[in-house]
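The following pair of complexes shares a single chain, chain A, combined with chain B in the former and chain C in the latter.
Right, the complex of A and B next:
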């Protein structure tokens, strides 16, 4: 059930009405049923995956809780007889047991994810190796369909389990509530990847109807639909035309494709998240923000702090830090300090962790060398830009450009183009083509296509370009307003008629200018595929 | 303050609904410059009197029969509820709807649509279904007609279907927002131009000549409905040379009509008796008759009706005579306009469509 389908709108309206008609204490239960119903639309059998993750996490989290309880009770009972070492040894013994439970659950769940997401990728690589070594036998691909949203709910759930293990989250004793945390329908398919402590505060709360929440939520939903249906889906044909025929569309077309895809991806993903967060808000549920005006970033590190924030922080908390401070890494750091110098010893764990994180980030986005290359390139550029930081600082100081508007604009444009270039790996069918198309930006000098009408032959008309131009200007305007805080809050301070008019125009723009219905391909949100 | 906010809210919602209605009216196709047949179905609701004969079917009725001729020659009042590629279940539901408005003596159904057992084409569906007034018949017809890409919501709110027409709006979209351009003559779409038919090729060999069970199901329903309503049902096959009418199809219809006791006339077998000359009487090489052909066929058919059914000649009825005289005037004017266009441009530029609406 796509967010942009009539069925979803009807489903949402029914759930909304029921939600505020039933007693408050049952509202979270309604959301659980609604979430499972929503997921079942993609295939009833897929509920098994959701259930297996929920049940395994529930069992293990309770085991972790039980072991913590046992430890506390044992220490309290033997407070007088246990010395510090004995307490430490007992705690370590319990921690080891907890670690085993955690590891088993992580292996099971990530194993399921790996089987469905990476088996055919592995087979393809094995086949390539066989061919490379002169073999003729090839392994057959498996017919595996990736369960909807598995990358998102798996990460969210495993994050919860790790937090329980770390003791930063109290394990949920009610399996229904845990099931809702795992499956809450708006965020199930494209995030944000919520933390239990953040989401549970409002998810299970006995929510009263709050007109302000509903009004704000509705505005956010409409804004999301505008981004997705008026901008992202309208520009989609041009993006597809360019990237599906690299032999025909090179040079200036690649540049156009990069920019179009940047617009599409931004409008699609942030639009989807706006819808998700807006839906949460109409139910009185607060969800973590996933974006903070990323295209205004001045460097790649800042960009990744502002784009897909919940994924970034997940990798930071559950992968980067554990790798950076794990025992082998500490040993390696110590060794390199002794043999290669203080600076190298200090940086090596960070470098290795960064590259591992970005390798995994690439792999998370998709089972292909394109995404892995994309991820590793991101990591390498982040590290390089970190290495160049002193040089930049010197340059900024020497030429006094740091607070100049034109220089800030240059930095923003540079970051935008850099990130857009990296996304070529996301667009083209293989790494070689992506590199080759990037090369044509400089070797194929056909920039006249921007002025001779060729851009009108990419599957979008003059009218489409006009709508896109207006849409992008609106995005820019809203982003600029967001510097002063929530735009909806700013709007709320204006007369009610202004608010109504703004929402009305938003609504009419979606209805009239939206790329939906017959004649338009029903396009999935890009991040649904992950 | 709270009360004021509530009033503002209610007014805003009402204004929003009103504007959505207006925008929907603006964006829906008007079929005023081409594909006129898209407005045929809706035209029926402008009728003020009942009809003795109602034709139901695809282009083989609305292009081939002239109710004005039937009136002029025999004093028979008739109407054609035809639409492009009208599928048999659409014909049945139109029949059901028509019988809720009036009770004709005879309903004539053209059997060409027996060839389609499944929904075919969204554009044609729209031409039949959009124009129907909301009723149980329309809802059932929509559900039976929808192709995979279609959605009931888009029939309920056509704005969702036609929203992207904003970039192709013309002055006609404003002019005919609330009332369609007057183009038809009791459901007949006039064409006076000529394009002679060449040699008629044999139809291509089909895998299966058997009509689909669902078509028979609707044929049964038509028979039952007409029996129940005490209306005489007549099956015809209009004398269009294309699409090819196979002998195997003919045999099935003949057999069915015989079994059910429904009169069936295949006019393809009576072309000479009708006097049709396919070098003169068709405007598109034999697919459809032009005015001259339609008038010949209608005269022949009217004669058959008179011979077989006790249909009153209403030409002496003052009220009907007045209505049909006005229709005749419009018919003659359009005929004249079309001939003038042919003389002037060598082709039908506007099909003689006058800038008048059904309300004028």
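Right, the complex of A and C next:
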């Protein structure tokens, strides 16, 4: 049941009406049933995956809680006889036990994810190796269907468990509430990857009907549908035409494809998240923002602070920091300081962790060398730009360009083109084709295709271009207004008639200008497949 | 405290670490700085900062960071 289907709209309306009709204390239970019903639409058997993650996390989180309780009680009881060292030794013993529980649960859950997501990728690589060494035998691929949204709910749930282990989150004793946190239907398939402390604040609250929340949420949902159906789905045929025939579409077409895909991905992913957050809001539930006008970033590091924020912070908190400050890394850092110099010793942990994190980020996006290459390239460019920072600072001071509008515009354009180039790995069928198509940007001088009508032969018409142009201008305008805070808040300060007219226009734009029918596929959000 | 200020100033010479209280909130220190800082603190103070202590409240000011070092040292 996809967000763009009529069934989903009907489902949402029914859940909404029921939610505010039943007593407040049962509302979170209704959301739990609704979430399981929503997930079951993808296949009742898939509920087993959701249940196994929930139950294993529940059991282990209670074990962690029990061990913490044992530790507290023991220290309190023996307060007078335990010295600092003895207390430390006892804590360390308990922590080791907790670590074993945590590791077992992480291993089980990420193991399930790995089997379903990466088995066939591993088989394909083994087969390639066999062929490369002259063998003829090939392993058969397995018929595995990736459970919907598994990468998202798994990361969210494992994040919760690590937080319980760290003691920054109190373990949830009610398995129903934990099940809702894992499965809350709007965010189940494409995030945001919420933190327990953030989401639980409103998820289990006895929510009263708040017309302002519902109105704001509705606006956000419509805005999301507009991005998805009017912009992303309309530009999709042109993106597909270019990337599916790399032999025919090179040079200027690759540039056009890069820009079209940047627009499609932004409208698709941020539109999906707008719908998710909007749905949360009509139920009075606050979810973490996943974007902060990313295409206005001036460098790649800033871009990753503003794009898919919840994934970035997940990797930073649960992978980057633990790797870079773990004992072996600290030892390696000390060793390199003594043997390779102060500078190397300082940078080594950051370099290793960054490359590991970006390798895993690539792998998280998909089981293919395309995504791994994309991830590693991101990591390498982030490290290179860090190395070049003193040079940039010198340049900015020497030529006094910082904060000049034209220079800021140049930095934004440079970052946009850089990120769009990296996404070529996301688009083309293999790494070699992506590299080769990037090369044609400089070797195939056919830039006249922008002016001789060739762009009208990519599967979208003049009318489509007009709609897209208006759509992109609207996105730009809203992004600029967002610098002053929430646009919906700004709108709320205007007369009610202006607000009603805006919502009416949004609705009509989706109905009239949304991409429907043959040649358009409004059935899938890009990030659903991750 | 003086030693910590020296470490911080080595990272960003142009920042007023004595008075700034928004080192994380204003994105003055990024994740690379934090890792470098943690390694330096381990090196100089012999205090290992665990991942769960990497929260804005502990890194927003030199004062907060120093308090964290003292707390971890006492534990």
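For the reader, a short list of remarks on this structure follows.
Heads up, the rule we're going with is that the second predicted complex is superposed on the first by the 525 of 530 C-alpha atoms of A that agree within 3 Å, B and C clash if a C-alpha of one lies under 4 Å from a C-alpha of the other, contacts with A are read in each partner's own complex, and residues count from 1 in each chain.
Just so we're on the same page, contacts are C-beta pairs under 8 Å (C-beta built on N, C-alpha and C of every residue); 3 or more make two chains touch, one makes a residue touch a chain.
Just so it is clear, the model here is predicted, and its values are computed rather than measured.
Contact with chain B, but none with chain C, is seen for A:6 once the two complexes are overlaid on the shared chain. Once chain A of one complex is fitted onto chain A of the other, the partner contacts of A:500 are limited to chain B, with no touch recorded for chain C. When both complexes are overlaid on chain A, the residue A:391 reaches neither chain B nor chain C. Of the two partner chains placed around the shared chain by superposition, chain B is the only one that A:461 touches, whereas chain C remains out of contact.
By the document's definition of touching, of the two partners only chain B reaches A:508; chain C does not.
When the two structures are aligned on the shared chain, A:88 is found in touch with chain C, with no touch to chain B. More chain A residues lie in contact with C than with the other chain of the pair chain B and chain C. Of all the residues in chain C, the ones that touch chain A in their complex are 27, 30-32, 34-36, 38-40, 42-43, 48-52, 54-55, 75.
Chain A meets chain C in the complex at residues 88, 166-168, 301, 305, 316-317, 320-322, 324-325, 327, 330, 333-334, 337, 345-347, 349-350, 353-354, 386. Considering their complex, residues 6, 461, 463, 496-497, 500, 504, 507-508, 511-520 of chain A touch chain B. Taken in their complex, chain B has these residues touching chain A: 5, 8-9, 12, 15-16, 19-20, 23, 27, 122, 149-151, 153-154, 159-161, 163-164, 166-167.
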